[in-house]
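To keep things simple, chains are lettered A, B, C and D as they appear, and every chain counts its residues starting from 1.
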Amino acid sequence: MREIEYREAIREAVIEEMNMDPKVFLIGEDIGKYGGAFRAYKGLLDMYGEDRVINTPISEGAIIGAGMGAAITGYRPVSELMFIDFSTLAMDQIVNQAAKIRYMTGDNLRCPLVIRTQGGAGRGVAAQHSQSLEAWFYHVPGLKVVMPATPYDVKGLLKTAIRDDNVVMFIEHKMIYLLKGPVPEEEYTIPFGVADIKRQGTDVTIFAYSNMVYKSLEAAAELENYGISAEVFDPRTLVPLDEDALIASVKKTGRLVVVTEACERGSVASDVAAKVSLKAFDWLDSPVKIVAGLNTPIPYNSTLEQASIPHKADIVNAVKEVMGI
Amino acid sequence: MREIEYREAIREAVIEEMNMDPKVFLIGEDIGKYGGAFRAYKGLLDMYGEDRVINTPISEGAIIGAGMGAAITGYRPVSELMFIDFSTLAMDQIVNQAAKIRYMTGDNLRCPLVIRTQGGAGRGVAAQHSQSLEAWFYHVPGLKVVMPATPYDVKGLLKTAIRDDNVVMFIEHKMIYLLKGPVPEEEYTIPFGVADIKRQGTDVTIFAYSNMVYKSLEAAAELENYGISAEVFDPRTLVPLDEDALIASVKKTGRLVVVTEACERGSVASDVAAKVSLKAFDWLDSPVKIVAGLNTPIPYNSTLEQASIPHKADIVNAVKEVMGI
Amino acid sequence: MAELTREQKVEFLKTIITIRRFEEKTIQLYQVAKIWGYLHPYVGEEAIAAGTCAAIKKSDYIISTHRGHGHSIAKGADLNRMMAELLGKSTGYCKGRGGSMHIADTELGMLGANGIVGGGIPISVGAGFSCKMEAQGRVTVCFFSDGAANNGVFHEALNMASVFTLPVIYVCENNMYAISMSACESISCKDIANRASSYDMPGVIVDGSDPEAVYGVVSSAVARARSGKGPSLIEAKTYRFGGHHPNDPAEYRDKKEVEYYKSEKDPVINYKKKLIDEKILNEEEIKMMEEKIKKAVEDSVRFAEESPEPQLERFLEEVKSI
Amino acid sequence: MAELTREQKVEFLKTIITIRRFEEKTIQLYQVAKIWGYLHPYVGEEAIAAGTCAAIKKSDYIISTHRGHGHSIAKGADLNRMMAELLGKSTGYCKGRGGSMHIADTELGMLGANGIVGGGIPISVGAGFSCKMEAQGRVTVCFFSDGAANNGVFHEALNMASVFTLPVIYVCENNMYAISMSACESISCKDIANRASSYDMPGVIVDGSDPEAVYGVVSSAVARARSGKGPSLIEAKTYRFGGHHPNDPAEYRDKKEVEYYKSEKDPVINYKKKLIDEKILNEEEIKMMEEKIKKAVEDSVRFAEESPEPQLERFLEEVKSI
């Protein structure tokens, strides 16, 4: 199969959906001539014009408001927040407005809005440009949360997101835009709530999403050297979460390590760990371990930055621990 | 001991601290003549004048910015967000600015800022005025999170918060402002990170904070009828969290039910459950149960609203479950 | 602008009185706890909704506020479904999920009341894009009050509406207070309409107690918007006759000020008088109108009271899908 | 206003050249990855920082942006500690924790660069309250660029500064772009200074390439602020000579436009020429100045390179207390 970059997969998804549905449009900062901060929208302004590729002022609240207002009146906007860190300027529109409108109006109004953004550390861009904030959105009823790791997943899930009738937080990772992976030429979509086992294993389940899938796969490869067969479980969507598949995996392996790049305290990892600890209590041979970012604003200095987020070695060690070696 | 209302305890704390330290001032909406939406600041404008009781326009971002700017230049402001739901309009200032400034400047600037606010359901004020959003702040390094349940706790902790050199999210609950409890006449403070066992017990630990302390105490009383001795553990501050005391309690009882009013998914309860499941794995006789709010925007209709948050019966049932009866 | 027809004037009065009576009833019901939560009556401000909504079509959109009953009624909402919503019933616009602060209806083009002050303003940008993109001449009216004009989203939205020439009419109902905060002390310019110059759009002041005046300025702004010339900002000077909510004694206001507005600027009194003076209606006709309205309001209460509560099981079932 | 002294003028030039050379060096270091993350050079805009900071005292506060090196330097920052910060070293202003976008220093009254566009503007309100409450005549200068003027917090902050008569000077460095977004297409008024009228404060436009002109208008605004008359908004027209960051080819800009500003509005070229014309300095003296600056910049690089990395253990220890 051909291999394309993660950002190219995003671009393809958007193009296919825009071609199919005239109600789909894009709105955000520097998405015009500039093609988006990570160039995922390269050339789209020329293809679709200013009416469907709307380059905005720096007004995050209004960017989401624009998306929501269009969504409740029949359009299917993709609003972009350049960094998830800037969602802080749009939380009312995301959380109090978009996420709630359907439920607080008894399904009178629907809001088919995709909010594309990206997070994560690793580029030396310090505390205000490196956060992993998915836990906030995970906690808000009315938001779906999608965090694709591969070009294949990002394309199939973005298409599904655009077609979904609800608000979808679509969270990419800044370190993987240039990463290549197989993506079929033919059209496909990926349903929400269906996990993908990125690597089969029998001794331990490693739950990981977004960029941490790669670190987990590296860890799993190294763990082979110790005779440990690790399963890498990628939920792909955090809301809805494929709990059944996860419990099944844990029942098979008897052990779970949950990985997240986000700060450990109050992370999605804790939530997953708590769920599994409850629901698979009798199948767990050892307590669920969490591998997460430190509870610190991400520092600029590279050594400190790297020390703030999980790496292969941390995952390997955690697995060894739950394996009792 | 004399008994005073929760809101009166807040008022006393503020008065004592303002009298002691001229750098302390109050800023927020309708805190002047109106005395605050819950009248905790009644009469303070007359006592301290407009320079220290600053009644602002509806500009949540600037209310926190005002607090932060004053805090990093030597003052000790108490910024008020009338409802925690409105923190959505100030998240950049809270999370990217105030919470981070100390750490991202290598301790060059300090920000002794208290953000007073209140949350919770039960008053029929629907989806945008009833949220419990502490999980967001719990997840942000650089914020302390305080959630006092009683008049005694709110007074002692607010005084500590005002004296703290960091950013403190001080989260009250709208249903308990009029509740009375014993508060000594003499000055006292309560240190952060020290839990209070609101009721001693031996069979099961119920972890609960804010308004849920009361529901848990009711549940504990009812559980006596079943011969179950429940310990009600109130952490009082979520960050820092008195983990040692919690683990000690669980080691004693062997069972844990974690209660929160917030939506279950990604809640502080999950985090606490995950921590205990890991650290007290060998002491747990049954899996940690969570009793939490439903994953829904809070509805207006009273029956539905009440169904969305935990009650005594839910806690009782959860305890029975972990007790295997 | 064309002269107003008799029918239009009668309709203004009917809308104004309907809103007034509806609000009075909600206050009563609030006092006996049949309505609870927050209730923000629109008493005193009725002419703005009446004049504004008369200047737009059924297919146009409106965006409302926490003080939104008047907007809905003027846009043509069914009193029964409104009252049912306020009583939290399953027949309400939001099936009892929303209550006073969240009434919304797709059919009606009512894009939502809002519990967040200013929360609706950014949504106007999206509704505006929608109107512009579909190019059917549809417009969006966005209501808000003085307090909201200090929320940052006001700035972001008006700037964006201007930059993209969106067909949005911003109607600021300056009732001089945001809870206890006086507009004079919280807004750094004499008139909120002044702020239009920051956004390169017309800024107009109008007497919010006069439905015809409101209708006039809104009509011009609507014409402008429909012809592709973009947004306008209208500041309607008005007054909240009661406290912020029924339990607010509003001690922060000067009694004389309150008296002045109640005696000089009551749209119900003034407009009745005007129509009588103009011989458009006589006392008798007005009385009949009042009675019809009274009955409609009472019917709405009966409808609401007789309506079933939302089903708990169904709610719990639905929550699973969120 | 008093005539400028020779010393003041020489100081302007020195500041301008220092910023320019410092920035050129950071770009070099960025290209060889000694500095990483985001770097936003201030090349072309130096006269604004130079003129502004000369008009305030050491004890006054400044609030900066993501493009903040010039502000720090003009406020008197130590080049060594700045460069060390950019290299992520423990001797940097933030011990390597912050990098380019987060330089701040209590001593210097530099309340922070900011990675959030507009993020510093609300902070000015608090610094302003602080200045007002202590009543020592201190003022706060808040820098931001055109893009930030569309962030809602701009509106909230300027309104509040005005309502409370805070001693804050808002200096908008309108360099005509926010990354690729042209100010003409994103701002709904011709000049950002216009927006001052929404906040009942003076709004002044000044040529940002001329340090004396900037000094003049800022001095007036500072005098106004110190005398208790409240905030001002100054729009300094300027141009970002390079791309948004060193790797941005800035293809969205017209070549002619870039050429025009580089040839006509370069503060280094123009002000050198002016001081020579005015016979305040001769070529030789300027050369000596340049050399001193060059050495200072090179020293800062050496200092930074020789400085120790932050200690990992210590960091890990500190994190436990967060």
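Descriptive notes on the structure:
Here is the rule we go by: a residue touches a chain if its C-beta (ideal position, glycine included) is under 8 Å from a C-beta of that chain, and two chains touch if they have at least 3 such contacts.
Computed from a prediction, not measured in an experiment: that's the story for all the values here.
The fewest steps needed to get from chain B to chain D, moving only between touching chains, is 1. Remark: chain A and chain D have CA centroids separated by 36 Å (rounded to whole angstrom). Computed centre separation for the pair chain A/chain C is 40 angstrom, with centres defined by C-alpha atoms. If you average the CA atoms of chain C and of chain D, the two centres end up 45 Å from each other. With touch defined as above, residues shared between interfaces to two or more other chains in chain C number as follows: 94, 96-98, 102, 114-116, 119, 150-153, 156, 159, 163, 185-187, 319, 322.
The multi-chain contact residues of chain B, meaning those touching 2 or more other chains, are 56-57, 59, 61-62, 85-86, 88-89, 92, 96, 103-104, 126-128, 141-142, 294-297, 299-300.
In terms of which chains touch, the assembly is arranged so that all chains touch all other chains. Contact residues of chain C toward chain B in the complex are 36-38, 88-89, 94, 96-102, 114-119, 147-148, 150-153, 178-181, 185-187, 251-252, 309-310, 312, 315-316, 319, 322.
Looking at the complex, you find that chain B touches chain A at residues 85-89, 91-92, 94-96, 99-100, 103-104, 126-128, 133, 135-136, 138-142, 239, 262-263, 265-271, 273-275, 277-279, 281, 286-290, 294-297, 299-300.
Residues 25, 27, 51, 54, 56-57, 59, 61-62, 64-75, 77, 92-93, 96-97, 101, 103-109, 141-142 of chain B are the ones that touch chain D when the two sit in their complex. Residues of chain A that touch chain D in their complex: 29-30, 32-34, 37, 55-62, 85-86, 88-89, 123-129, 294-297, 299-304, 307-308.
Of all the residues in chain D, the ones that touch chain C in their complex are 150-156, 158-159, 162-163, 185-190, 194-195, 197-201.
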